[in-house]
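Quick heads-up: structures coming right below.
In the two complexes below, chain A is the common chain; its partner is chain B in one and chain C in the other.
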Partner chain A sequence: MTLRLPDSGTLALLLADSRLPSGGHVTSNGLESALRAGMPPACAREYMLTRMETMVPVEAGTAVVARHALAAGGDADSGAALAAVDSEWAARTPSAAQRDIARALGAGLARLARTLWPRSPIARIGAPLSRATVIGAIAATTGMRAGDLVRVVAYDDAQAVAAALLKLEPLDPAIPVGWVLDACAHLEPRVDALAALTRPHAIPASGAPQIEMWAEAHPTLPRRLFRA
Partner chain B sequence: MHIAVETRNGRAHVDLRAGLLVPRLVTAGEDLASVAVIAGGALLLDGDHVEVRVRVASGCLLEIEDIGGTVAYGSTGTPSSWTVDIDVAEGGCLIWHTLPFVVADAADVTRTTTIRLGRGAVALVRETLVLGRTGERGGRLRACTDVTGTGGPLLREELVLDGAARRIGVLGDARVLDSAMSFGRRRNAASGALQLDRPGTIVRALGAHTHAATVEEAWHGWAADDLGRPRGDALRSPGPDGPNRDRPGMAARSQRGGGPATRAS
Partner chain C sequence: MPETIRSLRLGVAGPVGTGKSSLIATICRALADDLRIGVITNDIYTDEDARFLRSAGVLDPERIRAVETGACPHTAIRDDITANLLAVEDLERDFAPLDLVLVESGGDNLTATFSPALIDAQLFVLDVAGGGDVARKGGPGIARADLLIVNKTDLAPYVGVDVPQMVADAVEARDGAPVLALSRTDAASVAELRTWLLDMLAHHRAGTHVPQDPGPMAPHFHADEDGGYVHSHDHDQDHEHTHAGTPATA
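Let's look at the complex of A and B:
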């Protein structure tokens, strides 16, 4: 089978599409636990902006560096290269609950990638990797541009919060769509710098302690709608 | 300031050098030392750069206790920094009892903590960050923590806090972030603790005041556990119930009990 390689922009649309069968719908990106902890729904916009300043640079930086590691290295050491990037991601993700959901989403995406791009190094890697590392590996396989990769990670992060908000709180669906655009615009000045990252050590390490504490509380919530 | 402990001829040899902070030897034993740290003058003023180096040699235990917290003052807007560089060699253990680090209005501080751990080494570090003195909103603080073990990175974290621009999800409305951090050894902790991917545990409390937002209980439990543990235990046995726990000689060492604990519990 030949590699399926449409334009980078088309791949970005594919990876950002909630209809993609990779299991992304199971996460609210911490919104559910934030609301249960007392955050007013109207603060979801600010919540998205905080994520753009903290967790999104970590995720996007990891994806870009994983993409670079595969693009720069040979096939032989691709597994070790991705594992090294993933280990830097894990050190920047102190919440086990956040690592668990990111690896579950990474597994879903890797499953899809194995079918779509069986010759890709990602198809041969058995170890559980985070979603950020897997999406970076897909970008390397498909020739997706680093800037598009950063924007997909950011858009997906905010859109997951917006979609979850509509399930958790009744409001005009157009309102959180506007917040998603605001959040993506908030990251835009940093996109070029994030897209230029190459070294694992240079991946941003920005933390958000309150979100991490909420994430740890989430698995103990009764009657929750989302897995994280 | 420089603090280093190693064993020479069966005794702990402690090397202390003062800077803006001044170390004082409290006790020293065969392979352990206890050091108190006091400020050499008013700290932390605009433009001050505090540098601390801590070296714990293989198999040694170093306990450091801060005497008096730190206020980072701000007036001219000149940034200040607080840089801590820690090496704990194979089987060594560092326990650092810190006091609150208060970032006053208009202060602009960068705190950098770098820790390198050898095989089986443990670093137990407390960090209590406070935005503003009573009645203040607090200044700007960038707190970077970088911890690496022999197997790879344990924690890389950068917290950007600004008392004038509190963020939902970072500290929320809280003024205080208290953290008990164990690197190199995973702790049993209540749900809500951050269990790192590699061996290590962080327990955090967020709140309005240091007396309410505190991790004191977890901290003292961990410190007591490490002080009562034979040195190099992590090298010799997989855990507290490992087969070497009862080896002759080890029991006698552990009977030093609380060791040179200087902090009343």
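Let's look at the complex of A and C:
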């Protein structure tokens, strides 16, 4: 049986592709609720940048540490190692709504990973894990580089906002593409430091209370298009 | 019958307002005493359909779950079915064993059909109030769903639709595949639906039913310099069994 261990760059392309069948299209990463609360669509660029400074380091740091935990530990305690990393992530994600959608996205990605990499520890774990933990486990299974992992997490975060913006407030689609690149560049100076994390307690603990409040409000919005 | 066979997963598709949620409520009422049932709804906006069904009181509210499809109701039942598969699997595990899981599509238009990787069989729902000519116009769901339902026949006198003619058009569009004229107030039609469902469930359990893909497109005409040709996408219409007790033309 083929192990399906592509080059780290190919895997990054796969995981960043919105066509990947893992249910990722259901989230606007909080943008819908932000717009409903009155944030002007033109502020979506600043919204992406703010996430890069706050939530993305938590997500990317979690993914990197999950990758390290699996790569460093034996198979026997891999489930416990991932659960420990995931609880560190949960402690840094105070919004229950954000934890819910992250676990739903994690479940979709884990379902895909079970088929693609049936011998990976991720295939044996039943408990719901956040998307960040799952993508870190996939990186460990496939040998994806930590820097690529950080960049995939960051790119996905911004691109989900950009794609949702085009559904909610249509505009020249090239414009938010530029914002995605701006947002990724905004994180770039921190990529090496995030990629070097190994210990759970070193995962950044930065939040954005306004975005968290919007995330909490989202499930109560009437006639919402997105799940989160 | 072996308990190890998982539930029959039945999709319910069709345009907005044709009565999909109401049909699911009717199915639950007709079979609640015989089968252990769960329901997954797909809404374009929020979880309204799930709330309607819970309030209808036809099923334990915990057995009705909503999938929110992020403005992509077609994607969620056809190409990226991840969220729906997870919801179905969770429901089957939480209420094991279930006999029947009904998956309602987000109502949109005539083109949305379910992937056979998500459901075992699918109903497509039209209603008389949508116009008597809709069945004749065809589409993948109308032409190739396992059962086409012409719903709300009790309204036909008020909207000037000839039900037998609409059913005959549908049977022709489907090459003779089953069509059921249904009204929730017509007990005989509900009994026919019940018979069809139990028959499908029996075939599913016996392993003699093979899920079919109605296809993304209706057979369509391509104009070209030589006058054009009909492109059928080569869907195999030969089921491996015939349904005993299948309602023919109602």
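We take it that the second predicted complex is superposed on the first by the 228 of 228 C-alpha atoms of A that agree within 3 Å, B and C clash if a C-alpha of one lies under 4 Å from a C-alpha of the other, contacts with A are read in each partner's own complex, and residues count from 1 in each chain.
Following the convention adopted for this analysis, a contact is a pair of C-beta atoms (placed from the backbone, for glycine too) under 8 Å apart; a residue touches a chain by one contact, two chains touch by 3 or more.
Owing to the predicted nature of the structure, the values given are computational and were not obtained by experimental measurement.
**Student:** Should the pairing of chain B and chain C on chain A count as a clash or a fit in the superposition?
**Tutor:** After superposition on chain A, chain B vs chain C: fit, no clash.
**Student:** According to the stated criteria, A:25 is in contact with first (chain B), second (chain C), both, or neither; which is it?
**Tutor:** A:25: touches chain C, not chain B.
**Student:** By residue count, is chain A touched more by chain B or by chain C?
**Tutor:** B
**Student:** Is A:10 contacted by the first partner chain B, the second partner chain C, both or neither?
**Tutor:** In the superposed model, A:10 contacts neither chain B nor chain C.
**Student:** For A:198, is the partner it touches chain B (first), chain C (second), both, or none of the two (neither)?
**Tutor:** Neither partner.
**Student:** Could you say whether A:39 touches chain B, chain C, both of them, or neither, answering first, second, both or neither?
**Tutor:** Only chain B is touched by A:39; chain C is not.
**Student:** How far apart, in Å, are the nearest Cα atoms of chain B and chain C after the overlay?
**Tutor:** Minimum C-alpha separation, chain B to chain C, in the superposed model is 17 Å.
**Student:** Determine where on chain A the residues touched by chain B overlap those touched by chain C, and list them.
**Tutor:** none
**Student:** Under the definition above, what is the set of chain C residues touching chain A in their complex?
**Tutor:** 44-46, 68-72, 75-76, 79-83, 85-86
**Student:** Spell out the residues on chain A that touch chain C in their complex, using ranges where they run on.
**Tutor:** 21-23, 25-28, 104, 107-108, 111-112, 167, 221-227
**Student:** Under the stated contact criterion, what part of chain B meets chain A in this complex?
**Tutor:** 144, 146-147, 152-160, 167-172, 174, 177, 191-198, 202, 204, 206
**Student:** Per the contact definition, I'd like the list of chain A residues that touch chain B in the complex.
**Tutor:** Residue list for chain A touching chain B: 34, 39, 43, 46-47, 50-51, 53-54, 84, 87-88, 90-96, 99, 204-214, 216-217, 220.
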